Amino acid sequence: MRQPLHSLLGTVLAAGYLPERASSVAEGVDRIFGFIFWLSAFFLALILALTVLFVARYRKRPSRTEPEPSPSQNLRLELVWSAIPLALVMVVFAVSTRTYFRMSEPEAGGPALRIQVTARRWSWWFEHPGGKGAGDLHLVAGRPTELVMVSTDVIHSLYLPDFRLKQDAVPGRFTRLAFKPILPGRFTITCAEFCGTDHSRMTAQAVVHPDQASFDAWAREGTQAAATLADVGRAIYAAKGCIACHSLDGTPRVGPTFKNLWGKEEKLADGTSVRVDEEYVRESILKPGAKVVAGFANVMPPVPLDEREMQGVAAWLQTLRDGP
Amino acid sequence: MTAPGTDRAGATMPAEDRPRFLAIQFDSMGAQAATGKLGIWLFLGSEILFFGGLFTAYGVYRANHHELFRYARHFLDWRLGALNTVVLVSSSLSAAWSVRCAQLGQRRGLHATLLATFALAGVFMAVKVVEYSHKLHNGVGWGASCHPSEEILATLPAAVRALPAPEHLGTFFSVYYLMTGLHGLHVLVGMGLYLWLLGRAHRGDFGPGYYGPVDTVALYWHLVDMIWIFLFPLFYLM
Amino acid sequence: MTDDTASAPAPRHGAAIPHVLPPSVLLGAAVALFALTALTVVASRLDLGQANVVVALAIACLKASVVALVFMHLAWENRFQLVVLVISALFAVLLVGFVVFDTTQYQPDLRAKEAQLRGKGR
Amino acid sequence: MTTIAGTAPALAAGESYLEHGHGLRSWLLTLDHKRIGIMYLAAITGALLLGGVFALVLRLNLWRPAGGLVSNDVYNKLFTLHGAVMVFLFVIPGIPAALGNFVLPLQLGAKDLAFPRVNLISWWLYMTGAALFVATLVSGGIDSGWTLYPPYSLEESRGLGILLALSALFVVGFSSILTGLNFIATIHTMRPRGMGWFDLPLFLWALYATGIIQIIATPVLGITAAMGFLERLFHLGIFMPEYGGDPVLFQHFFWFYSHPAVYIMILPAMGIVSEVVSVFSRKPIFGYRFIAMSSIAIAVIGFFVWGHHMFVSGQSRWASLVFSFLTFLVAVPSAIKTFNWLATLYKGAIDLKTPMIYVLAFFAIFGVGGLTGLFLGALATDVALHDTYFVVAHFHFVMVGAELTAFLAGLHYWWPKMTGRMYGETSGRVSAVLVFLGFHLTFVPQFLAGVAGMPRRYATYAPAFQANNRLSTVGAFVLALGLVVALAGLVVSLFRGQRAPANPWGAASLEWTTPSPPAHDNFAETPRGNKPYDFTGLRLVSEDAGWVRAAGEGRG
């Protein structure tokens, strides 16, 4: 359901284009957008009307070849049309800055939900409180949230159109984004700073849970004590972000698929080939650049795992013989 | 910077009594000199912004990495820096004197001062070569290739050696080699220009009526000196 | 360059009288520069903390203005050349000042990240 | 070249600059500002066509949400070089180097620029830079966007194309510095007797203000390219985070040049608009001093606003606040100019020749381009709109819209003086209308896509934006058609165009007192300065004799 641009005005042109208002700040940003929009529309109409009027009325015609005498300067008029634009832009500045400061102040509504965001070449990873990592951002409607963002390789930019929010994730430093989601539902997350081949495919979902309870229920899934080694491997696949680049259904994505991977003869970028076994899996996890599969970019970061987790992954890969 | 007479006829004054070096688009030598002066000053303005970029990099990394700069400064020998300042100021003096000689038409004085400026510039570069080779032999490169050898670490004062080696020592030397290197390049260009001036002075081009090139190159040389006047304290003393 | 109040255009006709520097002025300026060099070295010896930076820059600016006003004839010649120098210097200071101001503002975020990296012992 | 006896000004001497020397050497080593202007014009037209072809391929790839015409990597290389070629080889040198070089000395009644050799050097530097850009394209291209943000642009795995691109920036930058230096020195010291600062044609005020920016901003681009070059080769640790560098520092350096650079693009365009609007309304320009001072004000304030490109890139909040405030200040002089131009139309005798139609298109497009800048200057809305197609539409409105229409207006306005031939009025007007319609059809839908949240530099996009992208693709081809019609009309006029009189438009500035095309030495002797917009006494004798000023009247 697309919100009209500004409930009071409900203009035809912009209605249906502004994304939904899913954060507490969206209302304020839309009001600024509406205010500047109407201010600009007025001045544009004034310029166009005057141009058309003067051209129509004072066009050179056989009956009218000479201009009528008119002054070529008028100090008072100049001061007027300097002061008015100056005053108006100062008003716009004051109003938009007030909204901007309200955007970046932590808001009331209980302790902030702190989520660590890691941007990596062409996928997002969100570490929620309680150690639950996921490829999607899970939030609680009405609860103020603070994202602490970092990038592992190049500059990315977390962009939530429906929240009217954007913040770059810069390698080598933290950047922060504070807001309060107000509308439960699923909203798209995109990357707004150019970051390479799949910059346009680097999307994720912001899932806003209606209340804290449903968020906690989601957070508890998949962390109960893992019985077998394969369960450990499956938990690692979700928690460490492998899911972002390696699929289970056979389709190659940023990395090769895990389906029927165990025991396969993999052709490598340097022309040689290797059989996928415990040794190859261990090395590809600790030093991904050592043996890069042909046709894939060498962009996988090293994933520090302890001994039991390593065996868990190997065991789990073997279960992916035919079914998922 | 001024273009001596080109091949086009039709000037206001009859061709034979137009001064030899008066360009077609000027009415008098004075006008040509004034425009030439403004041209070199505008170029010096752009040079100030060109070095301004590097001073910004220096300012950013000094403001944010105090301990790194205080530690790394001791790798530089302030005595060589002071010597170079004296050498460059003297060459600036002889450059200014060369303008005076050209204006008064003192051929021998002009020759001597141009030669002195060139020689002092050579001394400056020689001191620089000594400084750079000493550092490079001891592994003090820039950026990622900065691994100071034991000998050069030993030369640090005891109090400094006690400090923990700061992270990214290479960044200090990146800024150092960038700024002093670019300045050195400008000194080399200056030496080339002074050789060119010596050649033309030898041919007797300059005199009270036409000394534009000497004045222009001297102005460029004074700016190179002014840049070093700032580099010396920023690197060697602070 | 907001210097363009309708100042009389530069002298364009007839040779501009060349401004010749007497030897006394040349040597005086050189001596002053040497003295200031010595002064800045001595000043760097004293430990004034933050003030060291200010003192060193002040002396450097003083030396630079001696070179500009005397050796580069700015004190006696067409004022517009001084305007060009001052405006270029101002814009350079604007660039240095504002960029340093901004980088120091967001430095804590950089420090926190470096601390985290060091913490992980990578 | 027949000069009309008696009525023709007695100032012309010698044959025209086109006949003064033949063969490639006489062109490639010329010191004549007019020939250098023509060579620049040819070169930037090539750059416009090359950049335009890239743009059309980009638009075709965006016809379908999944792209598919070209792979993502090729798309990324195409939009990078589209940006680099258009910005550095067409829009920045465009009006100053091609039209400015030709017209400036003529408007000053001078024989040539202050430093003709420096002018030739700057043309050769420009061609070297252009060759380096083409070499970048041939050697596999670069794909980090024309902004070249590290760490992406300076990564090892990107190959060595970046080194060619950075050296191209360095070389083209110095060509721009030398042009600016030449213009300021000429305007400042070579004005004729009787032409004070406030008797200058406004095109010269615009070129003076542009010169200030070229001299003060471009060196910072040069040093940034040099530092990027060395960082890429030796890992200096200034911009790359893994060696202790700070990528946001690069953005500060880059935008310190690149924002004033957008004023290098628009100020000469405003200068042309002031000339054309006054001549084709047969009225002196309204508020001469306010327009002249607005140019200088834009040039100076333009240096304080670069941070509005970095509101979301990690810049501190206080810096963003200061930059937002100053960005709003720089909008005011543009508004003043627009109102003054409108006041010039008031009670004029508006002659709708092609230059005037392009200028009227300029009013509409520059209005929208300038006003949409308010959305991006305001902090609250910029966080939502930054790096979306709203920004792409905004800067294309100002660059392709305002700068290109003004360039075409100036090109048609001075075409008779440059070539001695009149361009075809019908093809000119048709091209103006096609450009106006095609332009809006291309970039208005992009505003809507941007508001709806479509990020920029996307090779593929969400299906919701398909309608806007398809409209935009169609518009791009209409715009391209308009430009081809304009180019064809001008080229045809070279051969079949009517002989141009000395003063076809009845303008009063000095370049119209020389024959068309002007003599090699411009003026036999330096004319006296006059009031540039004083049209009293100018009468249209006939179509092929043009306007002539009755002796003794209207001399300033």
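All chains are identified by letter, namely A, B, C and D, in their written order; residue positions are counted from 1 within each chain.
The definition used in the following text is that a contact is a pair of C-beta atoms (placed from the backbone, for glycine too) under 8 Å apart; a residue touches a chain by one contact, two chains touch by 3 or more.
This one's a predicted model, so the numbers in the text were calculated from it and none came from an experiment.
S.K.: Looking at C-D and A-C, which pair shares more C-beta contacts?
M.R.: Most C-beta pairs in contact, of the two: C-D.
S.K.: Which integer distance in Å separates the CA centroid of chain A from that of chain B?
M.R.: 49
S.K.: What whole-Å value do you get for the distance between chain C and chain D if each is reduced to the mean of its CA atoms?
M.R.: Result: the chain centres lie 34 Å from each other.
S.K.: Using mean C-alpha positions as chain centres, tell me how far chain A is from chain C in Å, no decimals.
M.R.: Centre-to-centre distance between chain A and chain C: 45 Å.
S.K.: Between chain B and chain D, what is the gap in Å from one C-alpha centre to the other?
M.R.: Their C-alpha centroids are separated by 35 Å.
S.K.: Please list all residues of chain A that touch 2 or more other chains.
M.R.: 172-173, 175
S.K.: Would you please write down the residue numbers of chain C that are in contact with two or more other chains?
M.R.: Within chain C, residues 10, 12, 80, 87-88, 91, 95, 99, 103, 106, 109-110, 114 contact more than one other chain.
S.K.: Would you please write down the residue numbers of chain D that are in contact with two or more other chains?
M.R.: Correct list: 184, 188-190, 216, 220, 245-246, 248-249, 252-253, 314, 317.
S.K.: Chain contact topology under the given definition, line, ring, star, complete or other?
M.R.: If you draw each chain as a dot and join those that touch, the picture is no line, ring, star or complete graph.
S.K.: Enumerate the contact residues on chain C facing chain D in the complex.
M.R.: So the residues of chain C touching chain D come out as 1-2, 4, 6-7, 9-10, 12, 80, 87-88, 91, 94-95, 98-99, 101-103, 105-106, 109-110.
S.K.: Inside the complex, what are the residues of chain D that reach chain A?
M.R.: 72-73, 76, 143-145, 149, 151-152, 155, 157, 241-242, 245-248, 281-290, 312-314, 317, 320-321, 324-325, 328-329, 331-332, 335-336, 338-340, 342-343, 345-352, 360, 363-364, 367-368, 371-372, 374-375, 377-381, 383-384, 386-388, 448, 451-453, 455-462, 533
S.K.: Over in the complex, which chain C residues touch chain B? Could you list them?
M.R.: The touching residues are 10-16, 18, 20-21, 23, 26-27, 29-30, 33-34, 37, 40-41, 44, 52-53, 56-57, 59-60, 63-64, 67-68, 70-72, 77-78, 80-81, 84-85, 87-89, 91-92, 95-96, 99-100, 103-104, 107, 110, 114.
S.K.: Within their complex, state which residues of chain B touch chain C.
M.R.: 27-31, 33-34, 37-38, 41-42, 44-46, 48-49, 51-53, 55-56, 59-60, 63-64, 78, 82, 85-86, 89-90, 92-93, 95-97, 99-100, 103-104, 167, 208-209, 211, 218-219, 222, 225-226, 229-230, 232-234, 237-238
S.K.: What residues on chain B touch chain D, complex-wise?
M.R.: 1-3, 6, 8, 10, 12, 23-27, 31, 34-35, 38-39, 42-43, 45-47, 49-54, 56-57, 60-61, 142-145, 167-168, 170-171, 174-175, 178, 182
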